[in-house]
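What follows is chain A paired twice: with chain B in the first complex and chain C in the second.
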Partner chain A sequence: MTAGQSTRRGWLARAPARPATGRRFWVLLAAPGMLWLILLFIVPFYAMLAIGAGQLNVVLQTPVPAWNPLAWSRGNLLLVLHDIGGTGAFIGPIILRTLGYVAAASLLSLLIGYPAAYFVARFAGGRKGLFLVLLIAPFWISYMMRMLAWVDLLQTNGYLNRGLNLLHIAPVNWLGGNPVAVVLGLVYGYVPYLILVLYAGLDRIDPALIEAGRDLGLGRARTFLRVTLPLSRQPILAALLITVLPMLGDYYTNQMLSGSAGTSMIGNVINGQLQAPGLQGQGAVLSTLLLLVLLVPMIYYVAATNRSAREAA
Partner chain B sequence: MHPREGWSEDRPRLEITRRGFLGTGLAAGGLGALLAACGTSTTTGGTGPTSHGIPLPRPDQPVTWPVFPGNKAIKSGLPPERNATLQLYNWTAYINAAVVKSFEKKYHCKVQITTFNTMSEAMSKLRSGQVNFDVFMGVTVDNMGTLVEGKLIQPLNHSYLPNIANAWPDFTNPFYDRAWRYTVPYTIYTTGMAWRKDKVPENPYRMASAWAMPWQAKYKGKVAILDDYREGISLGLLKNGQYNLNTTDPGQITKSQQALQDLSRLVNVHIDNNDYSNVPSGQIWIHHAWSGDIAGALAYLPKGVSPKVLGYWFPPDGRGPVGNDTLTVLRGAKNPVLAHLFLNYLLDVGNALTNISWNGYMQPLTAVTPQRLVKEQILTPNLMSTAVLPSYFRRGVMELQLPAAANTLWQQAWLTASKGI
Partner chain C sequence: MTAARATADRAGAAAEPAARSGARRLLPQRNPWRHPWLLEGFTWLYLIWSLVPIGLAVLFSFNNGRSQSAWQGFSWRWYFSDPVNSVLHNPQLHSAVIQTVRLSAYTTLIAVPLGVAFALGINRWRGITASAFNFVMLLSFVIPELIFGVAMFFVFTVLFTSVHLGTLAEVLGLVTWNVSWPAIIVQARLATLGRQYEEAAADLGANQFQAMRRVVLPLLSPAIFASAVLVFSGVIDDFVLVDLLNSSAGNTPMSVIIYSTQRGGNGGPALNALGTIMLLMSLVLAIIGFAGYRWLTRGERGSGVEALTTITGAEG
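Let's turn to the complex of A and B:
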């Protein structure tokens, strides 16, 4: 790109008087971020691979990472694959259950989160800031504390059952391995993330487009369905991605609100493996496999974003 | 203060508890051998530590650990270090702060406590050599080999420890450390069955096998077992009538796993280590439990609920899981004399009672009897069964270190049973 081009990015190219110095400047500016990424993502990820593809010190019961890819072993991978699909496999059904819980929780989160985000983006007016602070407020309390609060609410003598008692309804054993409690816990834990991302996207929808829909004779519902919802596609996708990914790896919600084998999710299996001396290598393999599976929606999201950007252009 | 003040709430749920590390330890290898053994096998193979020539300590195979030339006990008659800060390394919430404060006052020193959440975390920190503690508390007996052969702990000079006379005689010559060269005992405990007497009419003391008590469909959603691979698989073994809780037989381990999976199907069993709070709150009615946790459960009873509703069963003949933790002085201790004095302090009957009143876990001192605990109002009479008797260590079964390959079988079986249904 040369100086004088009038594209949106033109100013970037025009700015440096001396291109070589300019490049160094931008490289330097990007360096901390790159270093951060290398130290906190790429290195740990490689360590996970090396542990998964490594051996076991049978005496210490600790994993021996294989840093050299030429020395990688398939041992742990085969054991994990056997647990997923071999005879007596126990991880396979857990994967299906995890997908079911996450799908239910995501749908519910969307049903709860979309109206909230839509309201803040479109109708909060001068109180937008206040609503945003209220939405972010749960993040000030640790996730563990929020889950413990649910335990108080849902336990046998908890507030919810006491309320049911007033209505002469028999108490429900919410914490006795109840999938509903787990799904609701996931929704509660992750819905603020969803709302924030949705809000950021919905806030950018040009109100003129919605008004145009109304001006052209569409009713409220049809304007929403024909204009707002299609324009919300990208924000919804982003919001679902931001909640589905951590939900798929979540183990804590389940442990706090159920603690029963009948509701365990893939995160619980990984956590169990990482807690068990001797099985950490398998835990690393299963984590890597999960990460690879999670890449699929991420790639889809990136592709969809690019496509929509091209369409917009 | 109550017995669990200071516990991080996730600790008992998320990790192998202070009692749960039995069996993953490394006794017997020696660090040279351990390092040489690196990378020798995948998870299903490998040799047990016995191949390194030192037997796994067992009641019928006691071990006298050697004293190495470069790691001798301190000399007798040394004065305590002055202006010192004694560094303790201990499980989270496993000592009464009042005992620590009174020690500081008596010996004009400061005491600093650093805590760990799992024995593996503690062992890896100690092995790294990056830490500088004086006393290592609550050490499970299966770690003796690593600690001694790795020269991580120092031999004790018995002249500083006259209070050992207060301890049960068995603990002055335990099988895991003959002649108590490196350890003094800390806490003792049993694993049994806790139940809510107001909700469960069956009395385990009258049942043919109380180990099968959780397998009752009518208590669906109200039954819990301990989240610990050794305790979990051991429960399955005991339910199946197997009393060798260190079995290496894959058939027995698989049968235990199946029994636990049956339990999941039958009652949707809850798996947690919150026996101390879930039973008093009424969330759980039958809980596979640790004695010390149930002794401390009184503090968690909701207002208006009588302590009499709590029950704890351990086989009256003492034939059930028992265990103990130890106290050791680290080799790198900067204050070895104070460290010895601290061990001695904890063996004092008065101090032990103060400690138990908060900690819940008993200490094996002759004067600390169940009757004394009741008299001192540390225990209520209906929970006298949480007290541990000397005879339990003769008739009881201990979960001890397993050979590595068998340990992996246990871990795998537990993972399948606790997560997979």
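Let's turn to the complex of A and C:
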């Protein structure tokens, strides 16, 4: 009953209200942060909305924001929708490509990351510290440095092509718009984050549950399928979200590793429109649309982590 | 030994269907607690794949030639000996290092006190307004950086136009982007502390402010320290916000220089040198963070592993 009730009340209602004594002290403490969030988080999104719903100053090619919702115009929205689905639309195929890249990269990340996180969480024993240091190391190394490392390796006369040469395989033009290089770059860039989240989740699984599976006669594979895997559903979801969300806004990995328009993602379109005079309004609309789509998984993630934090406390 | 175990593993896997049938199910043929060598081998392969390219990139920062992929002998030329193109002498690279350190310091100094106060206030106030703001803070934690960066770019170009693109815009954006670290980590620590220490202080006659300053803040010091390390390293690594909010070479940090110079061509080993400097900065910070966190939590039961995951942000 209590549990059901708290689920129904949702995660916004966290605890019964406290007596008002000294409440002003806490309000005053929180006030600067709240003011900051209003001015520099909420207002900027309203500005983005107002520019998307605004007009274009045809002479200066600058956006004219419409601050009053009654004055909102659909002009930019219609232009963007036409680019997404109309005749000769160029954003539609890029959206599909983005989804393809992100799906391939996040699944590959999971296939690589899960076994590694699982091993370190369960079997590393006394060497856990060592493995964790190595797993966490890329997290501390700048993303651009890690991409630069691959640019070096993938150059026409780089180590990868020289290795292929030893196997009598002709050199591959990796950096000239190769989708494989872009997807592998995304995997390389984001898999450390995924592993870290997975590790934190898998590490919390009670080993007694897995031992119980074994004691009841399940083999290693079936213990994994029937006990461990169902228990890691939540960490897997969290880890996928933590990689998919930033990947959808990525415009730099493919620029570093290919730079060709043939591997553009939705992030490149938004970034390009931001820099192009006259197209900023459409960039604002596209960002707003992306935000609306991602709001659902974002809220889900926030609610899920909030719930697990409260269960842990 | 490893190979022999792996072979045994494979033989065992082949025997699995047979083991499933009939009475043999009750007689396990293999030691179920044996070490998973295949899994360990896979983990090592992953680690090699993830770390060796970086090692090579560091190596090429010492290359005595213009190539980022063909070794021509050791030299310091890309760090300081080359009078034109080294990090020390190229004004663009030189100022990028300084800008990164500046942004990290400013952002940490503003975001940490702001986030800690926010966490304390929100955590104890507990109204619907507090919950709503906590929710907004958490959204700022998970929103894709590009979307947030676009919003920031617009607010500074059409509304708060007196904040020009440049260092101030970068700091304001980075503080908003990073304030969730202290806010989340301090709230997690508050949840494990409970209120008994504060209540004891109140019973002994401390007012709210004294209890906060003398009791709660010292207890929160590991969390505050860990979040400062996270914010500082997060700003070193940050790319999207500073890419969108910089305005000239003087306020462009290292990550953006590497990106904009390397993209679509050979940027030369000076970029590797720049990346290696970033790597060293983060490494020093990680060591300080680990040692400092261990020192602040001495006398608690926490392990080194816990300290490591906390300063990396995996426990928050």
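The criterion applied here is as follows: the second predicted complex is superposed on the first by the 254 of 313 C-alpha atoms of A that agree within 3 Å, B and C clash if a C-alpha of one lies under 4 Å from a C-alpha of the other, contacts with A are read in each partner's own complex, and residues count from 1 in each chain.
We adopt the following convention: contacts are C-beta pairs under 8 Å (C-beta built on N, C-alpha and C of every residue); 3 or more make two chains touch, one makes a residue touch a chain.
The structure displayed is predicted, hence computed values, not measured ones.
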Residue contacts with chain A in the superposition, chain B compared against chain C: C
Partner chain(s) touched by A:L291 [first = chain B, second = chain C, both, neither]: second
Which of chain B and chain C A:N157 touches, first, second, both or neither: both
Touched partner set for A:T87, first chain B, second chain C, both or neither: neither
Contacts of A:I51 with chain B and chain C, given as first, second, both or neither: second
Touched partner set for A:G262, first chain B, second chain C, both or neither: first
First, second, both or neither for A:A276, with chain B first and chain C second: first
Touching partner for A:F123 - first (chain B), second (chain C), both, neither: second
Partner chain(s) touched by A:N76 [first = chain B, second = chain C, both, neither]: first
Which superposed partner A:Q61 touches (first chain B, second chain C, both, neither): first
Residues on chain A lying within both footprints (that of chain B and that of chain C): 144, 148, 155, 157, 252, 255-256, 259, 271
Contacting residues of chain A [partner chain B, same complex]: 54-62, 64, 73, 75-76, 79, 88, 90-91, 93-94, 144, 148, 155-157, 173, 175-177, 252, 255-256, 258-262, 264, 268-269, 271-273, 275-279, 281-282
Residue numbers on chain C that touch chain A, as the complex places them: 16, 19-20, 25-26, 28, 32, 35-36, 39-40, 42-43, 46-47, 49-51, 53-54, 56-57, 60, 67-70, 114-115, 117-118, 120-122, 124-128, 130-133, 135-148, 150-155, 158-159, 172-173, 175-176, 179, 183, 188, 191-192, 208-209, 233, 236-237, 239-240, 243-244, 254-255, 258-259, 262-264, 266-267, 271-272, 275-276, 278-279, 282-283, 285-286, 304-305, 308-309, 312, 314-315
Chain B - residues contacting chain A, complex: 9-10, 13-16, 24, 26, 29, 33-34, 37-47, 49, 52, 120, 124, 220-222, 224, 227, 229, 261, 264, 268-272, 281-283, 302, 404-405, 407-408, 411-412, 414-421
Complex interface listing, chain A residues touching chain C: 12-15, 17-18, 22-23, 25-34, 36-37, 40-45, 47-48, 51, 63, 65, 112, 115-116, 118-120, 123, 128-129, 131-146, 148-153, 155, 157-159, 188, 191-192, 196-197, 199-200, 214, 217, 219-221, 241-242, 245-246, 248-252, 255-256, 259, 267, 270-271, 274, 280, 283-284, 287, 290-291, 294, 298-299, 301-302, 305-306, 309, 312-313
